[in-house]
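So that you can tell them apart, the chains are marked A, B, C and D in the order they are listed, and the count of residues begins at 1 in each.
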Amino acid sequence: MRFENVGLRYGNGPEVLQDVTFALGPGSFHFLTGASGTGKTSLLSLLYLARRPSRGLIGIFGRDITAMKRDDLPPIRRRLGVVFQDFRLLDHLSALDNVALPLRVAGVSESDIQKHVPELLTWVGLADHINAKPPTLSGGQKQRVAIARAVINRPDVLVADEPTGNVDDRIAFRLLHLFAELNRLGTTVVIATHNETLVRRFRFPRLNLAGGGRLEVLPPLADVEEGAAEGGSPAAPGAMAGVGPVPPASLAARSDG
Amino acid sequence: MRFENVGLRYGNGPEVLQDVTFALGPGSFHFLTGASGTGKTSLLSLLYLARRPSRGLIGIFGRDITAMKRDDLPPIRRRLGVVFQDFRLLDHLSALDNVALPLRVAGVSESDIQKHVPELLTWVGLADHINAKPPTLSGGQKQRVAIARAVINRPDVLVADEPTGNVDDRIAFRLLHLFAELNRLGTTVVIATHNETLVRRFRFPRLNLAGGGRLEVLPPLADVEEGAAEGGSPAAPGAMAGVGPVPPASLAARSDG
Amino acid sequence: MIPFFAPRANLPISADSTGRYLPWLVAMMVFLAVLALAGALAVGGVLDEWRRDVAGTVTVQIVPATGVDPASARAETDRRVAQALAVLRDRPFVASAEPLEEPRLVALLEPWLGASDLVRDLPLPRLIDVRIAADARPDLKALGETLREAVPGVSLDDHQVWLAGIIDLAEGLSLLGVLVVGLVAAATAATVVHATRLGLEVHREQIEVLHLIGAHDRYIAQQFAARMVGWTLEGGLIGLLVAMPTLMLVSWLAADMEQGLLPPFSLSFWDWMALALVPAGAALLALVTARMTVRRALRRMV
Amino acid sequence: MIPFFAPRANLPISADSTGRYLPWLVAMMVFLAVLALAGALAVGGVLDEWRRDVAGTVTVQIVPATGVDPASARAETDRRVAQALAVLRDRPFVASAEPLEEPRLVALLEPWLGASDLVRDLPLPRLIDVRIAADARPDLKALGETLREAVPGVSLDDHQVWLAGIIDLAEGLSLLGVLVVGLVAAATAATVVHATRLGLEVHREQIEVLHLIGAHDRYIAQQFAARMVGWTLEGGLIGLLVAMPTLMLVSWLAADMEQGLLPPFSLSFWDWMALALVPAGAALLALVTARMTVRRALRRMV
């Protein structure tokens, strides 16, 4: 996963991204940080192939995206998992069908779907809402359905845009453990987030978008006085250790989406 | 603002809210907390009159809402400011027109609108996006437009559902200072949030939704070792002191929505 | 509050998909409605002219009886005429039936047979002038058959039988035209209704936001109705503008083909005015529907 | 992949507003299209019968010249006949023009004037049997005028002139019917196209999500087209089901009014088959449009 001198502008506006150059090794885990409106979503949309850059080169899985024909993109998209900032769930489908969508598109058998999808939904805490439609879900529940949809396929690259904005810290940690577990199994992960607590707790390197659309690669943010500061809260790492790190078995078992 | 034995159920489902009883004094400020899916949005939707409870009494401005005819509700709604969890901006209107909507509905003159709305938008950091339409705004920018729309009318009651889920802590503090300033001017404020840092920093009493749809009123959460823990971060209270507390003049000046 | 024709750019109801497609749907329906209405009006006009053409008279001919004795043959012929007269006067739709006098008969035949004196001695056929009661719609063919059975050598003027049949047909056509106008009008109404509902569906979120912000039902319904009426008028005018040249063309083609034999396919000033009112009708319909639909939808909200 | 008629409940394209209104719009258009087509077919059928009715012949009558000298009068009459024949044979649409021999004339007149010997001595009118070339569409009225100018005492049989005019009119009507069918078909097509686009607009988000999830264009177009075809078929069948009884009613009314004088308003088996195919046509149209529209929209995405 490589960006070289990538620039992006909307219409005739100023460049939202300027000379963005970085490379993500396979199996790496990065946070994408930056103030609101600096271009995190824009950068991720290039990553998940919703846009082409105005200039520069983007390489994914060793291939140059900017030079590819659009008919060649779907197979690559299927190797990506995306959590959109605004969820983008299909309102008329149940949580189960929403999560099953990537599997159906990829032609996975219905029996596999009926086995794995409820398991994952249960794991993200939606056991009671498997057949609920998105309009009847709370904000945090929708977000978890969106996350389940992104990871169900065990993607090679996971891109998540503000995946914990609508859940409390306890669930946020649980979800990040899920991402970390996926990462341990080989998935490259990029997560845009405003949640500093998360960035401190999970010591992964950061991509930071500064003003002017320039990107800097930063080392992990140190979690100062971790245990002392928030030991009593439900979000404490001790509390998480028991629930978090065990990923749903189905996710670990699947060979390739 | 009074809730008495309020219960709410969707369709034939279980009661999402059960025997919720509390009273908010005029000019009070409360956080509404609770895990994802416990019913915060549902409770707020009763407050901003999008729903009627299945049982119980709700009093606003000294009047019993449950007994009122629907034709009498618009005047009450105009005294409320609401930030929806999913923003609900009108995609075809510019940021300015979105924020101006409550004023237009209330028949405020166009010259007043052109004076106050840009001022408030500038204050929330959207000076460059006054004429942008929501689809071209980032998540955090949309959220700030939604907040501006809720407060432009200087409402008597402000209800905000997760108003800082998509912005970084620096902006979150700035926005909370705005709410606090409104509160100082007499507005009753209720804010549903997952952001523990905020709840700790601003020491307001909490309404906490526990499991089973029951509500408990809690004292402010103490901000443990405040300065020491996060003094270096951009979200530190020292940094905020300089920018935050000055509300837009127009907001303070307006007499009554 | 909002003028219909110059909607503010910042109208809270957006002009997205509905605005792009509703006018075309309405344009098509109005186009069809105008054509159907024009057809019905024109057929009605032609019919009036035709009806004036068929005098309310039918001519019955009676072939003279032949025989060796001219006098008895003439008596037999007179008997047949009397018989035919009796049958005719028996019909309720016959106002009067009078035999033509012989001198008039001879005068009628003169151009054909010359003024020769011989003509006067010929056993001439007798004619009976039958006046049909006004507004009666007699079955002339059946009358002809009845006469033929009752009296030997009787026949009805074929041409008039034909013409009466044609008028019947045209009246059927006119009725059909009115039926079609009714149907098309119903279809136009249904289209407008459905398009309005569709628009409501598409704009549900916007309406909900306005509602929660404290807008009165009246304000929302007005905003929505203004949009719908604008689009309907737009579409209706387009439909009318396309229909008019089409009508001219049809009218021109018809005039060319009829070769002046039939009254020209033409519409009166009032007919044209009626056609011009079709888009206005559609807009009015949209106004009423939009207001009612929005009001009803709003009443379902809290 | 997905059967058209039993769409999976979890089809990724939702059935919201479009699904609720598209069928009704299509139903109306199909209803109108079926009525217009039936009208055109029926008029076509009536026309065929009428055309068979008008033999391709016209009769020209020439009044005998009168004079003191019967011989010279007869010669003058012969000259007039020859003149008329010349004029007639000059017309391109006249296949043949033959004068009727006197014995045949006398035989024709016998039922009218009796078998009296007197008849043979009368200065009888002459008749010319004109055979019109097949497929020619002569302006008989103009021919009559030309003849009247060229030869004194000539006239065309009025009834036939009339009938020819009626046929011309009916042909115009039939042409008009075809025109209306064409217009309604175009309107139906446009409705389906617009409804498809509207559906696309409403479902843009869903299509975008499918796209970003890695669905092939073909898969998305298929899902969308299946929905559209389903709705169109549904609407088309409703339209057809309502149109059929309407047609029966009209046909029954027409049969009642024509009183057997004109060929009945009737449709052949193949006509009915053609009508039944209208919904299928609409569905096919929806299929093609939906696929093309979605494909084009998708190509605009990255």
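In this text, a residue touches a chain if its C-beta (ideal position, glycine included) is under 8 Å from a C-beta of that chain, and two chains touch if they have at least 3 such contacts.
Each chain and its UniProt protein: A, B = Cell division ATP-binding protein FtsE; C, D = Cell division protein FtsX.
Please read all numbers here as calculations on a predicted model, not as lab measurements.
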Both-way neighbours, i.e. chains that touch subunit C and touch subunit A: B, D
Identity of the chain that, by mean CA position, is farthest from subunit D: B
Between subunit C and subunit B, distance of the C-alpha-averaged centres to the nearest whole Å: 66
Inter-centroid spacing, subunit D versus subunit B (mean Cα positions, whole Å): 69
Mean-CA-position distance for subunit D and subunit C (Å): 18
Shared interface positions of subunit D, touching two or more other chains: 16
Residues of subunit A whose C-beta touches two or more other chains: none
Graph class of chain-chain contacts, one of line, ring, star, complete, other: ring
All chain pairs that touch each other: A-B, A-D, B-C, C-D
Contact set on subunit C toward subunit B in their complex: 10, 12, 14-16, 205-206, 208-210, 212-217, 219, 299, 301-302
Residue numbers on subunit A that touch subunit D, as the complex places them: 48-52, 70-71, 73-78, 80, 82, 88, 90-94, 97, 100-102, 104-106
Residue ranges of subunit B touching subunit A (in the complex, touch as defined): 10, 35-37, 39-41, 85-86, 125, 136-141, 144, 161-162, 165-171, 194, 196-197, 224-225, 228-230, 233, 235
Partner subunit C, residues of subunit D touching it in the complex: 16-18, 20-21, 24-25, 28, 31-32, 35, 63-64, 66, 111-116, 118-119, 121-125, 139, 141-142, 158-159, 161-163, 165-166, 168-169, 171-172, 175-176, 179-180, 183-184, 187, 190-191, 194-195, 197-198, 201-202, 246, 250, 253-254, 257-262
